[in-house]
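Take a look at the structures below.
The same chain A turns up in both complexes below, where it pairs with chain B and then with chain C.
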Partner chain A sequence: MKRKPTRRVAVIGAGLSLFMRRALDTGKELAYYAASQALQTAGIRLKDIQAVVMATAPDAFDGVHMKGEWLLDGAGGVGKPYLRAYVGGGSGVFSIISGWMMVASGVFDLVLVVAEEKMSSCQPHPQGAFLTIFDHIIERPLGPNLLWIFSLEQQRYMAAYGIRNEDIALVSVKNKHNALAHPAAQVAAQLTVKDILDSDVVAWPVHRLMVSPISDGAAAVVLASEQVARRLSDRPIWIQGVGWCLDTSYWGNRDLAYPRYVEKAAWMAYEMAGVTEPRKQIHVAEPYDPFAYKELHHLEGLQLADRGQAPEDLARGRFDRTGELPSCPSGGLMGVGNPIAAAGLMKVCELFWQLRREAGARQVPGNPERGVAQAWGDLMQIGTVAVLGVR
Partner chain B sequence: MFKGLTNVAAARVWHGTMPVQYLYTAGVAGERFFQTLRRKGVFAVTTCAECQVTYLPPRLYCERCFADLSEAWAEVAPSGRVHTYTVVHEDQDGRPLDPPQVVAFVRIDGTSGGLIGRLLHLRPQDVQVEMPVDAVLAPPRRRRGSMDDIAGFAPRRVLPRRPTP
Partner chain C sequence: MARTRAKPAIARAQAPPYVPLRGHPLNEEEFRGQVGSTAWAPRLEYAWDAGVAISRFLDGLRQGKIYGVRCRRCGRTVTPPRAFCELDFKPMDEWVELLDTGTINTFSICYVTWDMKPLRVPQIPAVIEIDGTSPRVGFLHLVGGVRGRTVTEIRRQVRAGLPVRAVWKPPAKREGAITDILYFEPVRKRTKK
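Moving on, here comes the complex of A and B:
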């Protein structure tokens, strides 16, 4: 971080649709539910919004080419400057980074940020849309899919640090349990490690209950400049730092045991936020957990656990909702669900509610003053990070 | 420098496909539109009183002010005026269409929107912009609640008198 942005940006409202396996509602309708709720909690109307950011992942999910534009009216973007933020699975957190740029730059004072995904459209499985993300000549002849790649990565992570699958299954147990307290959750459950490991092996070592579900859903937040935020809100939550970084597009050239790109993105955000000791200065974390091991991987990349030590920290309760550093108190993607871009923004919504102490039954104890949300995506190579705080 | 390939036919190619299909839902507003069309043969629309916009296809919300329109339903007759049209001479594969097909965008009366449809029962040379048309619907028991229930639009029986030169 070479330069500090001159204008501060706050989140002043948040909204979420239900996350579900198949919604009758169109993606536009889901986006409208989340966006109108965010405006309502911010106490403003659509006419007050000066620009709109829409995050939504591959067109192939909804089955609408250029779906960012198609979703325009549900996101409240008609007749306004509008931007689609799209970095695959990382889009949800990237959406507030994009909105932050619009406000921090001084161009706009009030920006609506919406994220949507309707994955149920894609048949026979959204996985099919991912078959073409691999190199079409070198890799595709073998027919790899995302589950293979995740399984290969998890196995490398386990081998590098001597981690057992039981340790990783505990992420599913924790997050599905946390999601029991989330009113929008799709796959909340009270399960044991045995239940997780008894579920089908999808691609060893990944079992079915270690994978997030297919979901339809939307999320939204309202961003405001400092002056406007102070006028409209008595409890604005500040975006203290943002960061993002992409690793090589060749997944075979990455460090599979450690997400260096997440570390780089995290330090960019931490430096902007003035965070020098993340483990002391971050009080609540929402790392991206599309697969169980990913939360652990990302906690390490976010500097919130030593390399290879996140599983041990998890086992001793450090990441429980009542633990030393609550991680995914929302229930995460493993519990609330995974409408890709919306899931990332759901994590930002969760920090907003946690830091305002409005998270109800999910509220982490103490007085959390700063949190970090992270998402991951593109060709399995991007880390997107946002640090939010009460001042 | 790489030597440029001058003979394109010599370039090897790999074939690929994106193997997905879709199941779309019409949505809350869309489902009501199609059920109303199937049962009653009319168009369900929503109206934002404040913005004075009547949405067809219907929306659950006003796209201008975000008002909730889930209780703001009305029904209109399936008729309107030809707003613009084209005469299609070739199909998507470039084969000649005989006779050519007339496709119009029809503004539906009493709404701020409209629908695309085939113009039926007239010769291409008889189409006029602003000509009043009525939807030709499938018989009630054959309607399934989809766009196929609308076979097209046909000139209203009583045509307005042409202005005399």
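Moving on, here comes the complex of A and C:
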């Protein structure tokens, strides 16, 4: 990344729905709640929006093929240039990257970015939607499920650096606690490391309370070009850099102990943002935490902790909301919930509120000027990163 | 506990977004009672082609052999085989017969099915680095030949870095599938081959 885009892009509004285990509401209705709230807080109407980006993860959750098109109405995309951004779990942050491209390119001045997920429709369990991510000839006959790959990755991470499960359980404790202050939260709770490790082993080393829940929910943001942002908002939050990267689908051929692709995506975003020393220049982080260990894994990939050292940093409080580098002050996926695409964009919403110092009970201390949001997904394969700042 | 919606009054009053969030949560009972919902079960079947490289890999398994391929450009030897090197974008056509031994790179002990039903006998999936490949190259398979069902019992016998050997189906029962290897079992003494 040598070139810098010349046109700046800001977030000027954000919205959420409740995150729930099961919503009566349809995906369209959830998307509408979040999108309309984002428009309202940006002080604009749908007719001001020139293009719409919609992120939503597998069609198999809804049993609706091409559900991006189906959800169009709820995202406010009727009669407009419309794009579905879809890279599995990475979609939430990829949606804002896609919207950023639309504005940075100079084609549009106001873009609405919506992310929706309704996992609860998929019976008997939405994990069924992931059975088909495995290679149909050399993996599926072995009967794999999604828990396998995460537990394999967590164990590899633990074995490579000598990390204990107690160290990882602390992520669940922190994030579920942080989520107590989040109005959308689905699984906020005050728990101890013992509670986490006393929960059932689903796939050792992963315990039930180290996995994010099944969720329904939506999130949305409004993006604006510099000129328009300055006219519409007194506190726009700037997208300073974006990055994304995918690693090989031959996941048994790479070292699962460290997410190289997240590092590449992070450096792309940091270079664009002029960040040379992430640990000094990033003040608040929202790394992707669908499983407890993933937050630590991603903090390392994002260059915010040394390899294998994130658990130690966590234990000494560095990533607490009041710590040196607050991580997942929202409560993350482990606390707020994990409607997949919406969970990634929820992290961007959190940075928006944190950087505007509007996060209320969740506000990190000091004057955070720059934050990073990251999402991850596919076959443990993609990192999507966005750096946001106050100037 | 984990499913409880937290409602601390103080936090709720001052946390953004400041407008009440919308949504209509259903409980399990309401959902199972089919309140405002309708059901559909899909039925589809697929016939997949194995492709140029994996076809030959599967033929090898039928003969009790694990094949890999080597890239002449980057020198990597990998398995499962592929027709082209995804890094150099050149054909990967130098076939190598690998050993049927390897090392456990990582493993898990899985006590649930995909739809979260408990398993009495856990599955032990693992990434096996196959001997004769480049470092950290392997594939997903299962570990077997292990006594006991608890995490403690199994971890006493299985660990990352452990040497393992393929346990094959009898030749007459092989069908040219990844399951021609029943599982990989711990090697106590590495003498053969």
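Keep in mind that, in the parts below, the second predicted complex is superposed on the first by the 391 of 391 C-alpha atoms of A that agree within 3 Å, B and C clash if a C-alpha of one lies under 4 Å from a C-alpha of the other, contacts with A are read in each partner's own complex, and residues count from 1 in each chain.
Convention: contacts are C-beta pairs under 8 Å (C-beta built on N, C-alpha and C of every residue); 3 or more make two chains touch, one makes a residue touch a chain.
Nothing here was measured: the structure is a model prediction, and the numbers come from that model.
Look at A:Gly63: by the touch rule set out above, it reaches both chain B and chain C. In the superposed model, A:Leu146 lies in contact with chain C only, and not with chain B. In the superposition on chain A, contact of A:Gln123 is made with both chain B and chain C.
When the shared chain is aligned, chain C comes close enough to touch A:Pro213, but chain B does not. In the superposition on chain A, A:Gly252 makes contact with chain C only, while chain B stays out of contact range. By the document's definition of touching, of the two partners only chain C reaches A:Ala188; chain B does not. Of the two partner chains, chain B is the only one that A:Lys47 touches; chain C does not reach it.
Put chain B and chain C next to each other and count what each touches on chain A; the higher total goes to C. By the touch criterion defined above, A:Val78 lies against chain B but remains apart from chain C after alignment on the C-alpha atoms of chain A. Using the contact criterion defined above for the overlaid structures, shared-chain residue A:Asp25 touches chain B and also reaches chain C. Note: residues 22-25, 63, 120, 123-124, 128, 131, 136-137 of chain A belong to the chain B contact set and to the chain C contact set alike, using the contact criterion stated above.
The touching residues of chain B, counted against chain A in their complex, run 14, 16, 18-31, 59-61, 63-66, 68.
Residues of chain A touching chain C in their complex: 14-25, 30, 33, 37, 40-41, 63, 120, 123-125, 127-128, 130-131, 134, 136-139, 141-148, 151-153, 155-156, 159, 176, 179-189, 191, 195, 199-206, 208-209, 213, 216-217, 248, 250, 252-256, 353, 358-362.
Interface residues of chain C facing chain A in the complex, by the touch rule stated above, are 1-6, 8, 10-12, 14-19, 21-28, 30-31, 35-36, 39-40, 42, 46, 48, 50, 54, 57-58, 78, 80, 82, 86, 105-116, 122-123, 125-127, 136-142, 151, 155, 159-161, 177-179.
The touching residues of chain A, when paired with chain B in their complex, are 22-26, 28-29, 32, 35-36, 39, 45-47, 60, 63, 73-74, 76, 78-79, 120-124, 128-129, 131-132, 136-137, 140.
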